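Below is one structure, written out as structure tokens; comments come after it.
Order of writing sets the labels: A, B, C, D, E and F. Residues in every chain begin at 1.
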Amino acid sequence: MTADEDATDEDAVGEETDGAEAELTHVDETGDVQMVDVGSKPDSHRRAVARGTIHLTESTVGAIRDDEIGKGDVLATARVGAVQAVKHTWETIPMCHQIPITNVDTDFDVSVDAVQLTVTVETTGKTGCEMEALEGVTTGLNVVWDMVKAAEKTADGQYPETRITDVEVLTKEKRRAENTA
Amino acid sequence: MTADEDATDEDAVGEETDGAEAELTHVDETGDVQMVDVGSKPDSHRRAVARGTIHLTESTVGAIRDDEIGKGDVLATARVGAVQAVKHTWETIPMCHQIPITNVDTDFDVSVDAVQLTVTVETTGKTGCEMEALEGVTTGLNVVWDMVKAAEKTADGQYPETRITDVEVLTKEKRRAENTA
Amino acid sequence: MTADEDATDEDAVGEETDGAEAELTHVDETGDVQMVDVGSKPDSHRRAVARGTIHLTESTVGAIRDDEIGKGDVLATARVGAVQAVKHTWETIPMCHQIPITNVDTDFDVSVDAVQLTVTVETTGKTGCEMEALEGVTTGLNVVWDMVKAAEKTADGQYPETRITDVEVLTKEKRRAENTA
Amino acid sequence: MTADEDATDEDAVGEETDGAEAELTHVDETGDVQMVDVGSKPDSHRRAVARGTIHLTESTVGAIRDDEIGKGDVLATARVGAVQAVKHTWETIPMCHQIPITNVDTDFDVSVDAVQLTVTVETTGKTGCEMEALEGVTTGLNVVWDMVKAAEKTADGQYPETRITDVEVLTKEKRRAENTA
Amino acid sequence: MTADEDATDEDAVGEETDGAEAELTHVDETGDVQMVDVGSKPDSHRRAVARGTIHLTESTVGAIRDDEIGKGDVLATARVGAVQAVKHTWETIPMCHQIPITNVDTDFDVSVDAVQLTVTVETTGKTGCEMEALEGVTTGLNVVWDMVKAAEKTADGQYPETRITDVEVLTKEKRRAENTA
Amino acid sequence: MTADEDATDEDAVGEETDGAEAELTHVDETGDVQMVDVGSKPDSHRRAVARGTIHLTESTVGAIRDDEIGKGDVLATARVGAVQAVKHTWETIPMCHQIPITNVDTDFDVSVDAVQLTVTVETTGKTGCEMEALEGVTTGLNVVWDMVKAAEKTADGQYPETRITDVEVLTKEKRRAENTA
């Protein structure tokens, strides 16, 4: 990422993020929701990395580990769910543009009582892909939750300890498509 | 919710959640991913409530408040995104069944530096709707993120403080369809 | 349709349509958009008929007629588009519930300079299907427009006379599922 | 738009729109429905504007106005529905290509007894975007209808006066992507 | 399946399959495509089993086996693709009704130079689910093809031996919902 | 197709298809499912042709022929289903990229007891379109099956002779976008 990232960032339509008068580019001057016009932006190589964590009971994480050692279908299904969510972001997030996703990478880190998912998305489009990475993370973690529901629920059907936390964008980069140094 | 919740819960196919040998009902005895057969379950009135929070800078939350006082399109768009995500859960979460959603309620609580979203989902189907409520919460919060991107990004396009946390299922209930007391 | 239609109509949550104080049931008491809770409504046989017209040049209508006499693919494609639009209404119209469509009938009436499309939709659900019929009509007519674009455009690519008009709901009926007289 | 618009227009595959022998480019020489091959067309900046009107009772329009002054969720939801419909046109209209939408603008004009919606769509693709603009208009107006159903229906559940009319393409423009004067 | 299967089968609207005058129920008396009206049919437990085979080189099948022994992601991804295809049949096959899928079972049989996929679908709806089973089989096998493309292609990018064959419906059953003996 | 097809083929990331050690590019070095990174590939004109056959009883094929002579809605509906399946491949096949489809051609060959469908797909993207062509063929043939269900079923609702076979990729070609000789 270079200094000109700032000047041409995908939502930077007269953007001045000085904190005093934060601007919502998805709302026009009369307060109506709108898409951001990206027609005059060049295609750029863009990359965004998002991460999040689902906290589970130790026995559930143990079952995921056992499955992973055996067949791996729990995390494989979550990977597929995350990739599909990345590709569907343009319809899930109402004001998102559809951009050509060139790569999605999903990485699970299984600890004692949690599973952390990192999703990297790359595109060569006119707008960034952090929403795609975030959708990949939250949906991927929701799929993990769905896959371990029976193991994680208490006897009366509740989830007192299951929790998704720390969903964040780690990095966001951009470089001109024809200047790939 | 009554005691027979436990015995007929939607994923409780021989479920024994004693913590010692957690069971993954979306994986069969040979480790292959599968849907859960719900063909012999009765239709029940079911309700699930999920909640989550997005942490933002104070100036961004101020802009949301101003918009809410003025036109309200930021949170209105997030409400629509949340409702649509609830209805699409059967395709977003690979092993979910499609169930007839009878009601979705979205409630935003805007504090000084965060927005909390609570989503309530009701159905009269053969399986629970907590995944629908979770999808509503995570997508609704992602839509808020998308709507305030320009306000929330630092000068070099990063999101050092934006974060989605505390995504959890608050309650889950079930009662027989013909016994609506 | 009987008198109890009025009392149990799908949106009639305390509805008083006296014209003096029209009520928007998709907006709650604080002005937030919402789905209507249909959980306590019985399943009913419901039927709605909508109709609309696309005005075209006489030569274009002649080409449709010739095609209809020959292969029929123009109107066949529009029929498929209309049926698919009916089935997708729950995702196209944000606050619509998904209901089980049991029948869709599409009827084209080709006159000298117009094509009229009537779409009948039937369901056995908890809410009416007039939005499904309207989506079928408007999408079906848009498909006709798409199929005849080259014939209908002027030399400089404009559509001075093409026009969709008179889109309306002709009838809407309901009868209890177990009382099908 | 320049004179070469005529010669390279998206459907102008040997097009001769002299009215005497109108040609249906979505039907091949043997009468079978087909997509139009756009593989050899250059990417162009394209823009289309469509407009339509929904006629409502005065009291319903009054309720929309009151909501707009208060929270604005009725028209905000219709805006979201219109934008989503624009983005989904490639799957709604069977023979449409998927094109990269760079901008969507929705403008509502609320009069005494009608709401007029104008949708502007821009793309940098190989084919025009008037179908996208039309889908935005018809779906946006259908969403308005859905949002005011309870207010607009008569006591016996009919819509004698509600009507969508005058759906038309106002303008359609194209200029080469690398020649943006 | 009992004798009354014949009389109430989902497409048997005056069906006489004597071979002399085969009837197309998706085409009405005037030759127009149509959905079949299922509004008066009772809900039944229905089950359909379809099967198909993809022929591959022995080395490719070996790679699938190795993966299956190791992580299993190739067939896990194909399972997810098959289940999703089953659930999406109502939009993939234009005249299909949407029915509530209660169970999907996918079974892969890996031989020396082929992979056979059997998909079982169960529903409690008004119409059969053989199209859902067929969509599961063909899509699941296409996913296998996609997953092994690099291994299966010749040096000049062709697939001289890859082939999907023997896609058939093995059995189709129905019993009344309230008579589950 | 030229010799450099081999070297830059869309999945050829270090590909060595010598048969001895077949490589699965949708599975990474640790066995996890992944998309293939196509970000550094140039846009190319690509074309793929796939074909398959559905075997039917002679009387059913006769009914299709009669319909084709009359209105043609059976095969027209199958054409639409095939085109839509081609456009939806990026969501049907989990690890596929979304590519801009520039052309789809569907060709039916009706013989005495079978219907053969050939689907040609063209794109100007970073990856091949054989999966799109295969999805078009299998879905188009499934639509034919759906359209002739009533004619093809035996008296007890089974399909002893209906069968889809010989689904294969006939050719696959690529040439640089700026070098269209």
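Here are some notes:
Following the convention adopted for this analysis, a residue touches a chain if its C-beta (ideal position, glycine included) is under 8 Å from a C-beta of that chain, and two chains touch if they have at least 3 such contacts.
Nothing here was measured: the structure is a model prediction, and the numbers come from that model.
Rounded to a multiple of 5, the C-alpha superposition of subunit B onto subunit C involves a rotation of 120 degrees. Which listed pair repeats A-E comes down to matching contact pairs by residue number; over half match for B-D among B-E, B-D or B-C.
In this assembly, the C-alpha centroid of subunit A lies 31 Å from the C-alpha centroid of subunit F. Annotation: 37 Å between the Cα-based centres of subunit A and subunit C. Averaged C-alpha coordinates give centres for subunit A and subunit B that are 17 Å from one another. Looking at subunit C, one finds that residues 31-33, 71-73, 76-77, 79-81, 84, 88, 94-95, 98, 100 touch two or more other chains.
Residues 45, 72, 75-76, 79-80, 83-84, 87-88, 98, 100-106, 122, 124, 180 of subunit E touch subunit B in their complex. On the side of subunit F, the complex with subunit C involves touching residues 71-73, 76-77, 79-81. Subunit B makes touch with subunit A in their complex at residues 1, 5-6, 9, 11-13, 15, 17, 19-27, 30-33, 52, 57-60, 62-64, 67, 70-71, 73-74, 76-77, 80-81, 84-85, 88, 92-96, 128, 130-131, 134-135, 138-139, 142-143, 145-159, 162-169, 171-172, 174. On the side of subunit C, the complex with subunit B involves touching residues 31-40, 90-91, 94-95, 97-100, 125-126.
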